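Chain lettering (A, B, C and D) follows the sequence in which the chains are written, and residue indices restart at 1 in each chain.
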Amino acid sequence: MSRIAFIGLGNMGAPMAHNLLKAGHELAVFDLSASAVQGLADAGARSAPDARAAVEGAQVVISMLPASTHVHGLYLGQQGIVPHIADGALVIDCSTISAATAQAVAQALAARGLDALDAPVSGGTAGAAAGTLTFIVGGEAAALERARPYLSAMGKNVFHAGGSGAGQIAKICNNMLLGILMAGTAEALALGAAHGLDPKVLSDIMGKSSGRNWALELYNPYPGVMENVPAARGYSGGFGVDLMHKDLGLAAEAAIASRCAVPLGELARNLYGMHSLSGAGTLDFSSIIQPLLKDQLY
Amino acid sequence: MSRIAFIGLGNMGAPMAHNLLKAGHELAVFDLSASAVQGLADAGARSAPDARAAVEGAQVVISMLPASTHVHGLYLGQQGIVPHIADGALVIDCSTISAATAQAVAQALAARGLDALDAPVSGGTAGAAAGTLTFIVGGEAAALERARPYLSAMGKNVFHAGGSGAGQIAKICNNMLLGILMAGTAEALALGAAHGLDPKVLSDIMGKSSGRNWALELYNPYPGVMENVPAARGYSGGFGVDLMHKDLGLAAEAAIASRCAVPLGELARNLYGMHSLSGAGTLDFSSIIQPLLKDQLY
Amino acid sequence: MSRIAFIGLGNMGAPMAHNLLKAGHELAVFDLSASAVQGLADAGARSAPDARAAVEGAQVVISMLPASTHVHGLYLGQQGIVPHIADGALVIDCSTISAATAQAVAQALAARGLDALDAPVSGGTAGAAAGTLTFIVGGEAAALERARPYLSAMGKNVFHAGGSGAGQIAKICNNMLLGILMAGTAEALALGAAHGLDPKVLSDIMGKSSGRNWALELYNPYPGVMENVPAARGYSGGFGVDLMHKDLGLAAEAAIASRCAVPLGELARNLYGMHSLSGAGTLDFSSIIQPLLKDQLY
Amino acid sequence: MSRIAFIGLGNMGAPMAHNLLKAGHELAVFDLSASAVQGLADAGARSAPDARAAVEGAQVVISMLPASTHVHGLYLGQQGIVPHIADGALVIDCSTISAATAQAVAQALAARGLDALDAPVSGGTAGAAAGTLTFIVGGEAAALERARPYLSAMGKNVFHAGGSGAGQIAKICNNMLLGILMAGTAEALALGAAHGLDPKVLSDIMGKSSGRNWALELYNPYPGVMENVPAARGYSGGFGVDLMHKDLGLAAEAAIASRCAVPLGELARNLYGMHSLSGAGTLDFSSIIQPLLKDQLY
């Protein structure tokens, strides 16, 4: 069993930390929210007064923060933890952030001689609670092998995408594509319905044809086509519009930095962005069909 | 066995007609190309001097033409065949055309009391030759039951999309979605590759994640990721850029007519259109990745 | 003074017909709305029981109808007027319709040996009432010279765009560009305002720089920047979202027919279309800034 | 006359520095290119061995660098100049960079108590040589008044956009709008020409109508419509595709940071980006019409 510092106890981080505790590890935790810290302390974690204190003597450092700016501050800010991490420790950042920040953090950790991984997750809060997350990992293969026991305590699938930053890139590529699949599926279903087709029949036909995709088959956005999806419950729960909008922003930033063209990806970013501005930011992202429906089903 | 009039013997129509002959039907055929007609005549069809002569006495009329204007002319033009089709005949138009034209033809045939179906296909010239096409059918269920033996001689799958025109709508919805999937998949792979990821690794990760879709898994556009796809042979063969561009135009026209918004669909139309203008019209549509690649792989 | 048949007495057609009466011409009018006809009859026009009766003996035929389908029906439908127009008459269609329909009508009239013009207008209902419309004309130069006196009674500017259909094409090119200018200007102002710039200061700077355009300078969409524009009165009056959406649809149809790429034009079509679906169809088209504003100014 | 440190002597910076010399100021200059430094030394400037040496004792510091990363390094890097600038000096950064970087630099200079301006320019290398640049300035009004004599030596127009960073924002808003105007104008002209209109006639009509804009009137992209524009000389000279692409990237980054939607702006970014990938990066940005032309005029 290992001594782990876990920093960031939000909707994702808290259940992940709980699963590490359950697996028998010794945890020192920190979060700006005292109540979040208390929740873990009640379950047996040591509460640290700040991030530096949390990483003191830890064999493994895991962070799960909302955005690039927080990760930059934690590792590279004026009070950053990089100089305070113990020699030989393994560092795993599970936040979804820009590849540029992931690489800057990785460089600073490499300069210390530490093993470091960017390991963003998919699976949402439900996957975090159930310990069934998917990790998409960037970094050295050897570091990944060291990390497997901890990742296995929190998740089910681990993909090795490549070197430092590759985990972030692979995740944003996937999520950009997902944002396009969902919006494209919504357009096709709305167009068919406007011409009198039954969206369920059309979904069946496309699901057996070349329009087949994850969003159509497992997460159908048209109300009434599938049960047990957000469209069946007023688009509550699921993966929020604002989270998809954030991920599409990361994809666009990566494209701008590398002078890539992602015309559908950036258009999708704007579609989710306008949907959020209209007040739908906390709805599930499959609600992107709403602005396309003529009969105001919603 | 039935007396069938088959009109339109192009790359798709000719092999479809051959399969009907092989199934034992008696065919009268017509096409503007004498050599196309000769090909079928050599195989045992009766060659008719014009479309009117072909449909004379036929129990079934099947047409397979390039675009709306040809179908409009064949059925509704000044020399149109509607008045010349025998009472009680079944009419099946397999062309991919606008829903508006399909409905206009259906109305004229209904006024004659004839059973009529719009039955556009997918599966390409290979499917036409092998008799493994998929038919997406609009029209009455009873008419579809009458048509099954003939469709089965030419294809493998039959979907009933709804009433008149629904076959065309379902096909263009599917193909619009396919155009989006392919272009979106191309963007995601090009973005990942520009950041140093191996497109094969990234394809594997997305194929097991929420980016999963038909284009990624069965028709990967990145050269070297899959064998036996157009990307593995310089984008030759397959489904051409110009055909995808045409289908996206039909989708856009349907959206305009019904005041639907299909922002990704229309952007995809323009991407394939610009790709065609650059000289790529006859390449496979997965070549849409070419304008996105930095290293000029092509 | 001439005998004129005027068909279509809607918000645009009625004031145009009144101006022809004022100029001393003898009018025979028809519209499906009896009250619209009565309004002109009260002003001295002869009310005709149908379009055929209206054109009987007329030296000039002018039509002003809502869309392609109405113009097609009037001239080319089963009860179409083409065979009933007097030899030597001049025909002017002022409707904004598809170039394809304009050309089909022009061909039928040319086959009769009649002079024909497509002459869509800009200037809105205010320009129609004031007699200050702009006509964008397609057709022979000689026919245009014959038409000038009548056009001058209804408008101020006349542009000769080219042969038959060119008036429609020029108008939809201009209006597509206008739709892009307005939406692009809205994006630039909303982006600046979100970063704390005063939209009036930013408008002044761009108006003296390379961002200068008609929408920015004369029809600013940001509330509070200009007086006497729709943005200053809750986007009432002006040129409606639904009318812009229709014109962008005509532009897209023309692009599809000619295999042109108009990516910004078609994206603009979808932006106005989604705005209309959200309930804004009757607001002025400069309200396209609303879905972009963070602070929900509207 | 003042002691000025001028850092960055590229295509823009060198002629700007020459104009300051001509106005009688004393210059200390630095650039990584020795030949660029020599050019100014030959004209009477003192050549400094590095940036720190250049700013030593300067009353005014002016920088003109290619991108955010260079400006960040110059001011805020490990060898940054901020601590070395003399008390009371005025700092003017003329580079076109991200608003975020501009604000970070401004904060560091404000912490030193120094007057600082972001003052990006338009007018290109020709304007830099002729001393007719336009400056769009962010910062305190008092600082701008101090700066006027120096700006006047290099340019003709000065706009005050607002506080720190506002100059950058105003410039990228304008240039994003310009990128849209140019691409939209190109689409309208290409659509008209594909339907047989004379692009010159269409330009005249739109220039007198609501499609009027800077790109159409002063910088027409269609070959043959205007003289003395890049379209008249094979798109050589002018404002390059890659520069427009860079500015649209800055606009997209600003939109992402502020959660703004700029759908046309980001689509324009991708259009110029794909145009650059096709090999047109060094052509004038009005060459964005090339991928739209059917007859391969270019």
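Here is the rule we use: contacts are C-beta pairs under 8 Å (C-beta built on N, C-alpha and C of every residue); 3 or more make two chains touch, one makes a residue touch a chain.
These figures come from a predicted structure and were not determined experimentally.
A.B. asks: If we define chain centres by averaging CA atoms, which chain lands farthest from chain C? Would you check?
C.D. replies: A
A.B. asks: With centres defined as the mean C-alpha position, give me the chain B-chain C separation in Å.
C.D. replies: The mean C-alpha positions of chain B and chain C differ by 37 Å.
A.B. asks: So, what's the distance in Å between the C-alpha centres of chain C and chain A?
C.D. replies: Here the centre of chain C sits 50 Å away from the centre of chain A.
A.B. asks: Can you give the whole-Å distance between the Cα centres of chain C and chain D?
C.D. replies: 39
A.B. asks: Where in chain B do residues touch at least two different other chains?
C.D. replies: Expected reply: 259-263, 267, 271, 274, 277, 291-292, 294.
A.B. asks: If each protein chain is taken as a node and each touching pair as an edge, is the resulting graph a line, ring, star, complete or other?
C.D. replies: Basically all the chains touch each other, so complete.
A.B. asks: Going by the contact rule set out above, which residues of chain C touch chain B in the complex?
C.D. replies: Residues of chain C touching chain B: 245, 249, 252-253, 256, 259-263, 266-267, 269-271, 273-274, 276-277.
A.B. asks: Show me the residue ranges of chain C that touch chain D in the complex, using the header's touch definition.
C.D. replies: Residue list for chain C touching chain D: 99, 122, 134, 136, 157, 159-163, 165-166, 169-170, 173-178, 180-181, 183-185, 187-192, 194-198, 201-202, 204-206, 208-216, 219, 251, 254-255, 258-265, 267-268, 271, 291-292, 294.
A.B. asks: List the residues on chain C that touch chain A in their complex, please.
C.D. replies: 263, 267, 274, 277-278, 291-294
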